[in-house]
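First chain written, first letter: the chains are A, B, C and D, and each begins at residue 1.
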Amino acid sequence: MAATAPSRRARAYAALRYPDTSHVSRRWRSIHLLVLGIGLLAIAASSTDGLPTWLTQLLTIAVLGVAFVFTAEYAVRLWSAPESPRYAGLSDGMARLRWAVSTNGAICLLAALPLFVIALGTMRADNQHAPIFCIIWVLSLARHAPAMGTLARVISNERATLTSVVVIFLMVLIIAATGAHIMERDGQPKTFGTLPDALWWAVVTLTTTGYGDTVPLTAGGRMIGSVVMVSGILVLALMTGILATGFAEEERRREYLRVWDQITKVPMFASLGTVTLSEIVSKLRVRNYPPRIIVVRRDEPGESMFFISEGEVEVRLPRGAVALGQGAFFGEMALLDRLPRSATVVTTRPTTLLVLYASDFYEIAANIPSLVEAVEREARRRRAENRGEAATVETT
Amino acid sequence: MAATAPSRRARAYAALRYPDTSHVSRRWRSIHLLVLGIGLLAIAASSTDGLPTWLTQLLTIAVLGVAFVFTAEYAVRLWSAPESPRYAGLSDGMARLRWAVSTNGAICLLAALPLFVIALGTMRADNQHAPIFCIIWVLSLARHAPAMGTLARVISNERATLTSVVVIFLMVLIIAATGAHIMERDGQPKTFGTLPDALWWAVVTLTTTGYGDTVPLTAGGRMIGSVVMVSGILVLALMTGILATGFAEEERRREYLRVWDQITKVPMFASLGTVTLSEIVSKLRVRNYPPRIIVVRRDEPGESMFFISEGEVEVRLPRGAVALGQGAFFGEMALLDRLPRSATVVTTRPTTLLVLYASDFYEIAANIPSLVEAVEREARRRRAENRGEAATVETT
Amino acid sequence: MAATAPSRRARAYAALRYPDTSHVSRRWRSIHLLVLGIGLLAIAASSTDGLPTWLTQLLTIAVLGVAFVFTAEYAVRLWSAPESPRYAGLSDGMARLRWAVSTNGAICLLAALPLFVIALGTMRADNQHAPIFCIIWVLSLARHAPAMGTLARVISNERATLTSVVVIFLMVLIIAATGAHIMERDGQPKTFGTLPDALWWAVVTLTTTGYGDTVPLTAGGRMIGSVVMVSGILVLALMTGILATGFAEEERRREYLRVWDQITKVPMFASLGTVTLSEIVSKLRVRNYPPRIIVVRRDEPGESMFFISEGEVEVRLPRGAVALGQGAFFGEMALLDRLPRSATVVTTRPTTLLVLYASDFYEIAANIPSLVEAVEREARRRRAENRGEAATVETT
Amino acid sequence: MAATAPSRRARAYAALRYPDTSHVSRRWRSIHLLVLGIGLLAIAASSTDGLPTWLTQLLTIAVLGVAFVFTAEYAVRLWSAPESPRYAGLSDGMARLRWAVSTNGAICLLAALPLFVIALGTMRADNQHAPIFCIIWVLSLARHAPAMGTLARVISNERATLTSVVVIFLMVLIIAATGAHIMERDGQPKTFGTLPDALWWAVVTLTTTGYGDTVPLTAGGRMIGSVVMVSGILVLALMTGILATGFAEEERRREYLRVWDQITKVPMFASLGTVTLSEIVSKLRVRNYPPRIIVVRRDEPGESMFFISEGEVEVRLPRGAVALGQGAFFGEMALLDRLPRSATVVTTRPTTLLVLYASDFYEIAANIPSLVEAVEREARRRRAENRGEAATVETT
């Protein structure tokens, strides 16, 4: 996007912040996950009793190493904070201060803390308070969840109905706990003797977890219990029903925006008007592929065609391989002629493809004949080439 | 809506009845939830054994205080009952009597009861029957569930299929209980010796709760148990599937009516015919925001535009803030130019916005070009202003 | 439907076979459910030990009574079997024989059996084999599940994907059982010592029932257990997802046919062509109401209008009540003027209504202006009447 | 498809590879499932202690027999490997080598292994390592899951959102385990003393399995437990919601391709253009029926018509039966006249039908009048024939 080459600091920022955009950031992501895994395992292991001293020391060193990586990450993030668009108008020092006091900055600092705690001799990996680092470290896992925003938005959109389900949940919980308490308190004073105890039973039962540590024994208590269990199923079914509905709508919107970002890179679509374009957009699907992935396989039935919006693929023909770059398309013959794929297509670089399924292709065809014509013209040209000479493109 | 200022009684009625419409009613809702929480906690705490006398007395006072609030609520509700549209043609006294004998009135009275019971010295917070108030009080929680009507309607609409699932549930239950009873009664007479005992096992198993207090031990009993567990999953899946389908349809309808109520307040839409309007209505979403909420954030990608149907927002530009009131719209540039938001927009009052997503905007565009033109004209004007001078509106 | 009055036998057949169509059949359904409940309770009670002799005798009499009712039902069904369209071309005797040897006939006979068994002195209500009647009797409950066919069709339509989920279920089950058996057999030979034992654990875990009677203790066993539990969630989610999809489609189709059966009874729609009609049909919903049910309530917001396809309603106006019969419609003013309902409408007989929601009304409006015009013309007439004189129809 | 008769080897390949296409392959599938079942049962039985020697020997022979069948299967598959389109250009030997080293080949070889192991005297059916064969054998069950590809594709398409749910799952797991460990380690050092122990509790609770072997006892631990259980419900609801959405879309696409493969066999549709055809395709459903299945039953209400794309059906009329072959259609009268079916239709051979539901028929009717005309012309002809003479076609 920037016309000049990005600075070292901008690249560091991008690598840490957008883990999917470049080779460096993907590698950083793998390292982060590995280090996180080692850290969690080391703390988990050191919580076990009776370890030999050498192992405790080794685990302490591992935790120290993990904390060192997180300290380095904190330093790089702090240094590159001025690159964030959020602190665009501010001076470097001010931007760093703002980041340091943000929630993100605080979590990063907490993740780095063990280094100093252990270095100062106050703490070892098998310390009483070491497990707390598990909680702090695992919070950074949220960065690796690509669609967390989607989940949050669905829950937010459906909050009115979800709140109602939660209110029902609470009402069933309290009424059931009170009822069971009244029924069972004389027979089982230890497990149903107080309302909080009965509430614990109600939660365990309503979520259909059913530990079995507290179980009603009287006929009345068992009847209440049965109602609570069935309510548990109903609450789960209601919640799922609400979320499924919310997801269907949100997914449609997300995909729309993802496609819109990619479609401008395909010259074929560039000339179409906004309204026509918006109709095609709703039919395309974005798929990201790493290198060396087989997209279509020769002789398999074909049910979609592909537009390359980023990257490159290799069409493997008996007569040699042909490369197709950004803006090209392939797989159209399987759609037009209803024949199996005529070649295997493999990605050579990280590639973003726009997929158009057969069912949607014909739906578009009815409304935008020009698109179908363009595809058919290209397909005719390729068929002619295939027949004429050996070393030319024969797409799947 | 009423041309004259509402009376004190009408305002009291509205505050208690429609908790979302005004500042007073929102505050009342918070107080009600707080008092309810205190009451439930006090009764829960006093059910514990061995509390010191001073704490028991404190809890008794807390319950008394809660009951006093509910008594006051009852009085106000009784006084303002004639304002209810349901008792419109009746005299004040008659309306109050009708309300007092309605279900709602009876629950309100029961909630107030402890005051008198404790005041008359017959009862303390740690009394045997105190927990019953938990049940009575928690019923009023239902008033805080905004979409309870939606849930009820979905269940009612799908009652034919849900009844079938319940019948299947009952059949599996009784057949499984009988089968397990026959298989296990000789080996485990204590837990499977009678049909009611076996029925308890079947409920616990079919809901996949699985306490483990009664477990089949014979091969036959375990086979029946396996079938029951798998049936449990199937029953849950069927119920969820039915409810998900019902929800999708109901949600579509509810939203439609909510939007219709709001759309008449936006002048831009006022001139459109009913048929055109009904098409737009199905694409808009209603969102209610409290004051001081960031609706869009500068530099974030934009995927929707907003119409203000109630309240006011502040557009924060580097050159100062601009207020937009009822009927205005913002966020259209992000849609038209596919650029990030150019300003942060914050609500200054409780505000109702109509949201139009990018995917729907272009769908409408194809059918109602006049709407898109109006939006584009306004956007052009704003862009020109932004370029020309500093202190004018630049919307996100 | 039949031009001549149905015979006594035809009415008996219809009452037993179509429980929703008439007063007699609805009463028969209530009696059947009551008798079934008494029978199940009597057998359940008599399975308890230590009952006094008089109670055992009373229960035996109850079972005898229930069996007598079922014997009578069997006799009536056998007598009226020739009315079934399935045995249309056959002689009376042949039709009865065919019914007697059908599954339905066999179940009916088995339900009647206890009468003879007990009468012959071989058996009492607290007999060892009495519980088997629970299973036989509860099978007849299936007749009261109105949408059992829908469930069966959804499962059948999705059988390919459901089979795959079942295959995954079985594979996870066997692999997990084998793995846990290998891991745990040395430590817990009693619960994991044989493959069938391990399989029982796997079923209990995969369905997330979790009795806790068999629990892995080794690290390896617990890892397998964790995978099985998560698989359990995934299997449930897959099954639900498949069924939800199937239900959405089936429900759409069922409703379509139900409406089609009713729409021909409304004269307003009779003149429309098949294609236009089929579009309206997909928007209407069928609702069956018993007598004395409030369909719409005065002053509540209205979001739908109603067409009467069967039965009668009473419109309660301040100036008196007005009856509307088959073919009439009401509730259109709330749609056209967006005002609350102007009257309460109550059913006077079992009534079938076709509901048209506001959201769908306007969608139809765009395509079938003639329908909207007809509704508006009627609404204008009613409004004029309301203004003009007191005793005329003012619909909600 | 091939013009010449397929060779013996090609038929062997097809029978093993496409179990649904022919009589031989369906029989092979039954044998495979039977042999697999015997093998699994034999190994399960031999894991039980204290069996008599003769039974152990019998089970060893059974396992040997099963392994022999799998060895024979391996040999046939190896021999017919050159027929696979995947190894099309290679020599016979090379194709066999490539298949032998593929995953599929390796699993087939492992399934055959017991023969040699037992034959060499190193192992008996009650051997310690025998259960491993259960795992190997059960893997081949995956071949019998028709829609496994659909499941895989749905999960792959929704992987972004599913990954987020898994990340949430892991975060809740680790945070809850750490929290419960800190709360409970002093009170219950045996079950919550180490982090791995606490993690086991967290998995058992988050999946709502709830064995009850480890249960929190402190108030803090129980609060964490309650949050974990409710999170478990939420995770399940999220996962289900995501998969339901994915399934709805995938199912639509799969069906589209299945219909497309069949529709070309019906002459009626052959003359239509690609775009018109693609619209019809999206409304048809493919149904495969074995021989002697009743497709429609006389006097039942009809809600769909059928096109025969493969096979043959028999229309059973009072005046005799009429056969309808590929390309014919039936059941259209029920759609056009809204009357019950006028005849019973039974398949005589394995038959593939294209189903068109009433709701979709009228939707198509609006857009493709020519199709409806063709159906109505045929229906008129049949009605005339029915009236005129006795032995001609009268379709349902």
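Quick note on the criterion: a residue touches a chain if its C-beta (ideal position, glycine included) is under 8 Å from a C-beta of that chain, and two chains touch if they have at least 3 such contacts.
All values reported here derive from a predicted model rather than from experimental measurement.
Trainee: Check every other chain and keep only those touching both subunit A and subunit D; list them.
Mentor: Intersection of subunit A and subunit D contact lists gives B, C.
Trainee: How many degrees of rotation map subunit C onto its copy subunit D on CA atoms, rounded to the nearest 5?
Mentor: For the C-alpha superposition of subunit C onto subunit D, the angle is 90 degrees.
Trainee: Roughly how far is subunit B from subunit C, going centre to centre by Cα mean, in whole Å?
Mentor: From the centre of subunit B to the centre of subunit C is 28 Å.
Trainee: Counting in whole Å, what is the centre-to-centre distance of subunit A and subunit C, each centre being its mean C-alpha position?
Mentor: A distance of 40 Å separates the two centres.
Trainee: Residues touching two or more other chains, restricted to subunit A: which are they?
Mentor: 196, 208-212, 236, 240-241, 244-245, 248
Trainee: Would you mind writing out the residues of subunit D in touch with subunit B in their complex?
Mentor: Spelled out, the residues of subunit D in touch with subunit B are 208-212, 240-241, 244.
Trainee: Name, in rising order, each residue of subunit D that touches subunit C in their complex.
Mentor: 40, 43-44, 47-49, 131-132, 134-135, 138-139, 141-142, 144-148, 150-151, 154, 169, 196, 200, 203-204, 207-213, 235-236, 239-240, 243-248, 251, 285, 299, 301, 303, 318, 338, 340, 357-359, 362-363, 365-366
Trainee: In their shared complex, at which residues does subunit A touch subunit B?
Mentor: These residues of subunit A touch subunit B: 85-86, 88-89, 157, 160-161, 163-165, 167-168, 170-171, 174-175, 177-179, 181-182, 193-196, 199, 205, 208-212, 215, 219, 222, 225-226, 229-230, 232-234, 236-238, 240-242, 244-245, 248, 252-253, 256-257, 260, 274-275, 277-279, 281-282.
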